[in-house]
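In what comes next, chain A is part of two complexes: it sits with chain B in the first one and with chain C in the second one.
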Partner chain A sequence: MSVKASTEHLAEVRDFVAAHAQNIGLSQKDISEIRLAVDEAYTNIIKHAYKNDPAKQVSIEIGSDNSKLWISLMDHGRSFDPKKYSEPDLIKRIKQKKRGGMGVYLIKKLMDQVQYNRKGTTNEIRMVKNL
Partner chain B sequence: MKNFSIAIRQKEGISILDISGELDAHTASQLENSLKSLIDDDKYSIIVNCNGLDYIASAGLGVFMAYIEDVRGLGGDIKLTNMNDRVYNVFDLLGFPTLYDIHDDEHEALESFSND
Partner chain C sequence: MSFNTSERYNSVVIEFKGNVMGGPDAVSLNEKLHELIDDGKTNIVVDLGKVKFMNSSGLGMLIGALTTMRKAGGDLRIANATDKIESLLIVTKLITVFKHFKSVEEAAESFQEN
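This part shows the complex of A and B:
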């Protein structure tokens, strides 16, 4: 699916991946985890890659075979450098009244494999769940 | 469509927010506004009853992160209750249970305010 970069479409994006996961017979737990992972990835693109510009577009692909399910989100915004990422320290963030920064951490916890690719101007986050 | 709603009650001097639906980056501002207006009204003893909450993303948790220090600094707290397992699991993955007062039900949270 292709969707504008706006939090307005979050529920629609979650339902899109959940429908596929349901069709291939995943457990409710796996479906919940996939919904949350795609939510976090899409939210990060809206906020960080596109800086809340709802005119921009995000492509989302989902596929599966016997052993795994994969989801790719693609954008043409600012790229995310996974090398600069460090795990969030919740206590420190609360003290600094900072929110956010938890999305990537959640995605890594929820999915079995997470890859960031950049080809030309396209950023891709590819998330894999082993079945 | 916004699949999220908040209702506010007062009980024994405590403000109780009943939240239901899906709390994500789109709906988090509604929760934020409600918490802000309670704090502006000098109401610092707050229970968030998650009984109707079907889903939470990190943007929702971020709202709790942003206000807990202020509220505690003013002698209050934000206590969370009645989460379903899926919602609790997200709080747990991010390490919230050691830092936030999370109760199985609202009655327990009300009691813990009177013991604080």
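This part shows the complex of A and C:
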């Protein structure tokens, strides 16, 4: 599916991946983890790759085989450099009253594998859940 | 998200409903909390039983609310978290930041002990 980069479409994006996960018989726990991971990845694209420009487009692909389910989100905005990411100390951040930084952390905890790829002007985050 | 408030013992119970995702909800929650602080009500129980979905922005809103209440000399305690929300709090280690209770009743009673 392809949607504009706006939080208006968050529920639609979550439902799209949840429907596929449901069809292949994933548990409710796995489905809710996937919903949340996709929500965070899509939100990060809206905020960071496109800086809240709702005219921009995000493509979402989902697929599965016997051993895994994968979801890719693609954008043409600013890329995320995973090398510059370090796992935040969330408790310390709260004490320092810093917001944010939790999305990527959650995605990594909820999914079994997370990859960031850049091909030309396309950024891809590919998330894999082992079945 | 929508929320409604009620009072139990010497605490105010705020029941969250629907999708907790921060944004404009964080503004209305913050306004409500400041009204309560102005009325001298600083013991808050957040009932999470009817939350369908929560993301990191929603968690951020909850942390902001906790900070606001602790600064005002009170506390914000959570109750009734579903398994899904509880596992989110565990994954993010936020479970150690909030005092959390199985029921609204227990959370409200915990303020009686102060």
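Please note the rule applied: the second predicted complex is superposed on the first by the 131 of 131 C-alpha atoms of A that agree within 3 Å, B and C clash if a C-alpha of one lies under 4 Å from a C-alpha of the other, contacts with A are read in each partner's own complex, and residues count from 1 in each chain.
In this text, a residue touches a chain if its C-beta (ideal position, glycine included) is under 8 Å from a C-beta of that chain, and two chains touch if they have at least 3 such contacts.
Quick caveat, the model's predicted, so the values are computed rather than measured.
Participant: Chain B versus chain C on the shared chain A, clash or fit?
Facilitator: Clash.
Participant: A:Ile46 in the overlay: touching chain B, chain C, both, or neither? Say first, second, both or neither.
Facilitator: In the superposed model, A:Ile46 contacts chain B only, not chain C.
Participant: Using the touch criterion from the header, give the chain among chain B and chain C with more contacted residues in chain A.
Facilitator: B
Participant: After the superposition on A, what does A:Ala19 contact: first (chain B), second (chain C), both or neither?
Facilitator: So A:Ala19 meets neither chain B nor chain C here.
Participant: For A:Met1 in the superposed arrangement: first (chain B), second (chain C), both or neither?
Facilitator: The answer is neither, since A:Met1 touches no partner chain.
Participant: Just to be sure I read the superposition right, which of the two partners does A:Leu106 touch: chain B = first, chain C = second, or both, or neither?
Facilitator: both
Participant: Determine where on chain A the residues touched by chain B overlap those touched by chain C, and list them.
Facilitator: 7, 10-11, 14, 29, 32, 35-36, 39-40, 43, 90-91, 94, 97, 99-100, 102-103, 105-106, 109-110
Participant: Spell out the residues on chain A that touch chain C in their complex, using ranges where they run on.
Facilitator: It comes out as residues 7, 10-11, 14, 29, 32, 35-36, 39-40, 43, 90-91, 94, 97, 99-100, 102-103, 105-106, 109-110.
Participant: Hey, which residues of chain B end up touching chain A in the complex?
Facilitator: For chain B paired with chain A, touching residues are 1, 3, 22, 24-26, 55, 57-59, 61-63, 65-70, 86, 90, 93-96, 99.
Participant: Mind pulling up the chain C residues that touch chain A in the complex?
Facilitator: It comes out as residues 19, 21, 23, 53, 55-57, 59-60, 63-64, 67, 83-84, 87-88, 91-94, 96-97.
Participant: For a test of understanding, state which residues of chain A touch chain B in their complex under the given definition.
Facilitator: 7-8, 10-11, 14, 29, 32, 35-36, 39-40, 43, 46-47, 90-91, 93-95, 97-100, 102-103, 105-106, 109-110
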